[in-house]
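These notes concern the structure reproduced below.
Order of writing sets the chain letters: A, B and C. Residues in each chain are counted from 1.
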Amino acid sequence: MKRKKKSVLMDLIMLPLCAIVAYPFIYVLMGAFKSRGEFAVNPYGWPQSATIQNFLKAFEGVSFIRILWNNIFITALSVLAVTIISAMAAYAVVYNNCKVNRGIRIYLLLGFFIPFQATLLPLYQLYSSMGLMDKLYGIILLHAGSISLPFFMFYGSIQGLPREYAEAAWMDGCSVPGTFFRIIFPLTRPVMITQVIFTFFATWNDYLAPSLFLTSRDKGVLILEVTRSVSRNSVDWGRSFAVVTITLILPFIFFLAAQKYLISGMAAGGVKG
Amino acid sequence: MRKCIALILCLALMTGIAACGQSKQDAPAGDGAKQESSTGNESADAGADTDAGADSGELSGTLSILGWYSDEVAQGWIDHFNSLYPDVKVEYQYAQAVQPYMEKLQGLIMSDSAPDLILCVAENRVELVDGNMLMDLTDEHVAELMSESCKQQVLFRDRIYAVTVGGSIGGLLVNMDLWEQAGLGEDPKTWGELVDAMHALEKLDGVTPFINNVTDATITIETPLYGATWLGTDSDYEKKIENGEKTYADYWEPIFEITKRDIYDSGLMTEELAGLPWDTALNNFALGQVGMIVGASWNFADIEAINPDLNYKIMGVPNVDGTSKYYLGDCLEPSLAIMESSENKEIALAFLESLFDEESLLSNEEQVGLIGCVDGYNSIFSENPVCADALVEGMQAGHQFMPQTYWRKNVERMRAKYVENVQAMLLTGRSPAECAADFDDIYNAE
Amino acid sequence: MKIKGRDKIQYQLFLLPAVVLFTVFVMVPLVMCFVYSFTNYTVGKPLEFVGLKNYIAALKDDLVVDSIGFTLLFAVVTTVGITVLALILAIAFTKNCYTGKLQRAVLYFPSCISLMVAGYAWRNLMASGGEGLINRIIMLFGGEAVGWLSSPFWAKMGIFIVALWIDLGWCATLFYAYIQSIDESLYEVALMEGANAFQKAWYVTIPLIWPSVMINLTLLLSQGLKVYEIPQALTNGGPMRTTYTMTHAILVRGITEWEFGIASATGVIIFLMTAVLCAIQLKLGEKKEG
């Protein structure tokens, strides 16, 4: 395949657009290093006298490491659980395509349409009666249950795979789980990566569930600390943006690492229309 | 292995569904969960001294509080309380005011896992009291500690359900340097003088004369004007509405007419100013670019942080004929109430009493400008030129007003409509008569 | 190939975790919400069935009705707008240039920020007059300042812009990834037939990635109908109540006013509406494909 010539024109068109899109981030990052007084005078420009007071204030009286750990713990396990559970379900529905499973497919897709906020009160009652309040794994279970989108994606991917792969494996005496873990699951990589990225950001930034079901501060997640600087009658943007900055570091690294695989994985796997 | 996991999940499902069926009749299910979580906390807090106190007279146990005050404020209370009762472990849970707080509180109540102490405020008072969920504090010792003006404001259907130690005072925050530059002297005595003063400020170069807070809550100039016009002259007004002698429209229409004519139609408050996020408006005031805004003592800390040199003070809003002057605010902080379902009522009462001690009151004032209003306590704000007058004329005299405190039904809907209609008068020119009539529609709706 | 009975059980065991977790944490609450929607459920009163009263009340409620209108507008505008712009952007990504990687990273990143934070940050940028950065830039180019937060029209536009900012990048990246998998030779054929850039996109690229476009449309539509955080943080439903969304209405009625029955009924209405709209959209999509 011959490489196309690089054109500077596209760079010239796209870079200003990128600058516009990136500015709100830069605004947040700069705000994190501004004092109250400076933020009032100079909200949009470069900080004149940078300060790290905001960061210190935000994590006064609570262990930052612990909250960060909670966040990582919830996100990592949720992503893992969602990926495996939804891929397994999609595999079963595709390869055991009986009437019941076609029904189950539609059943699992109903989750798309449910407004989470409408189910808050029932969820509360459920959590309280199951003893899941203020438990990190309670949040993970909730995420692990919201599998409609990943299931949908895996279903499309597994259905698109040629049946011959699986059949060849059966011929060689591979069991049902063996076929899944050794053949099918690795083949879904392109969709898996996309799905992992989606789930990662959804759980990392999830505010509502932790705010409702985690009660003590040291079991909280980073995004909850953001709201602590927004009180009834005043907002301390510097402090708020400081926490936001911290919540952004890890996703940024994660994204940079995953981006390569996102594109190349998709291209390599091929998408069957 | 896989079957094992499946089996566990199956069991979880069964117990989950089974337990959830019981939850309504079976209160201990929720309590069990709560105790479990609190033990979890204790074990997590490795170094903390949570040994159950063996001393007979001392209180011991765990007290849970759900509040919207910052951790710094709550820590002030807890530190003082723990200096009195070292064996009690206080768990403070934070939720953001107001809506996230209500979400969380409702969830906890409806799932039988409510904390011991909660905030009973205008937004949830009717429902909490109607549901018999609060302990009646009227005859408790702690009720006697409250000052007369606090008691009056916290009284609901002639009973006391919540404890307050003070509150906030506000009105117009006026930049006194600009005030003098505009050639203005004394505080305005009538509404007309106030409007003239705004127009005088308008003539200064690069100065926004006045910004009304139309973005949120009932913190608008209409509120103190209403207080000055009606409460100053006719304190029984709410009863007349309940009796059906008068309607909300009778009271609110004249107020809306005045502000629409003098503030909105005269171009003092413009659509452009309504598009400012309120914290931006406050910034601009703190930087000396705005003559006056609507605000209160809760803004002190912000202004201090942005521009400590600002020369400003709180002014009240006089009525049209100058016979009365009212301020914004109430003496309803922190409005902590004890849940009827609490098993730690004794500890909770002791905690409420400890709020009246100087240490707690001082912490309130220093942390959030929550002004102590307790007999025998001398507020650090009484020396403060920013609000000294307001304290005497407003808070101590009881001339401060927040409509939510007076509304008796559908409070949240009334509040939302109030905000919406103030915006509508400014942005769409909706007539004062229509806006005022909405209050009655909501009040009378079932 | 026939599946043996023992294998069948193994397949069903594979389904079990998904079905169990989904049932417990998603469906059970939904069913409870459905039940509550027919009751007068609130604190301190015995539970009574009230039939369709809550549904009638919800549909008579100005706030709910207005919020349905705005939510539909939001869902349609953002679904269509984002998809079209993302396709254009994805095709632009395929043009070889020096900073392609950087561009994709930067444009993707807004979807990583929490929606609430995005709303708050943009609110400051959208302040009225000469205060907000956006207006400053508009005025720099000689335009007139816009009341982003005070004019009902511009407030809606502001919300659309933030939604676009968040979703454009990842949609484009997704499309781009799919485009990458298209066989290069198809383009060469198109080129030989004398197709211009637009024709190439319309007759080759889009039909080939159509399945992923459909997934995106469903996703954006179902997401759009549940939108809450962006308008809440940006305008809090204002000015007046022009930007309330259905989810916001549920919270206001249910949470702040303790009307669980009406809130649940609104929730069920949203559920049904979303399901019907997505079904219609999928049907339309299938036609185009076939």
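Methods note: a residue touches a chain if its C-beta (ideal position, glycine included) is under 8 Å from a C-beta of that chain, and two chains touch if they have at least 3 such contacts.
Here the structure is a predicted model, which is why all the values come from computation and not from measurement.
Judged by the touch criterion defined above, the protein chains are all mutually in contact, each touching every other. Of all chain pairs, the one joined by the greatest number of contacting C-beta pairs is A-C. Here the CA centre of subunit A is 16 Å from the CA centre of subunit C. For the pair subunit B and subunit C, the distance between C-alpha centroids works out to 35 Å. Counting partners per residue, subunit C has 17, 21, 24, 28, 32, 124, 251, 255 as the residues that reach two or more other chains.
Taken residue by residue, subunit B touches two or more other chains at 2, 12, 16, 20, 98, 103, 106, 110, whereas all remaining positions touch fewer. Residues of subunit A in contact with at least two other chains: 120-121, 125-126, 177, 230, 237.
Remark: subunit B residues 2-3, 5-6, 9-10, 12-13, 16-17, 20, 98-99, 102-103, 106, 109-110, 123-124, 127-128, 130-133, 215-216, 271-277, 280, 284, 410, 412-413, 416, 419-420, 423-424, 427-428 touch subunit C in the complex.
Only residues 2, 12, 15-16, 19-20, 22-23, 29-30, 32-34, 36-37, 40-41, 44, 68, 70-72, 75, 91-98, 100, 103-104, 106-108, 110-113, 279, 282-283, 286-287, 296, 298-299, 301-302, 305-307, 368 of subunit B touch subunit A when the two sit together in their complex. Of all residues in subunit A, only 35-37, 39-41, 60-62, 120-121, 124-135, 177, 211-212, 215-218, 227-228, 230-235, 237 touch subunit B in the complex they form. On the subunit C side of its complex with subunit A, the touching residues are 1, 3, 7-8, 10-12, 14-15, 17-19, 21-22, 24-30, 32-33, 36, 92, 95-99, 101-118, 120-122, 124-125, 133, 136, 165, 169, 173-174, 176-178, 180-181, 184, 208-212, 215, 218-219, 222, 225-226, 228-229, 246-247, 250-251, 254-255, 260, 263-264, 266-268, 270-272, 274-275, 278. Per the touch definition, subunit A reaches subunit C in the complex via residues 1, 3-11, 13-15, 17-18, 21-25, 27-28, 43-44, 85-86, 88-89, 91-93, 95-96, 98, 101, 104, 107-108, 110-123, 125-126, 141-142, 144-149, 151-153, 156, 163, 167, 170, 175-177, 180, 190, 194, 201, 204-205, 207, 223, 226, 230, 237, 240-241, 244, 247-248, 251-252, 255-256, 259, 262-263, 265-267, 269-271, 273.
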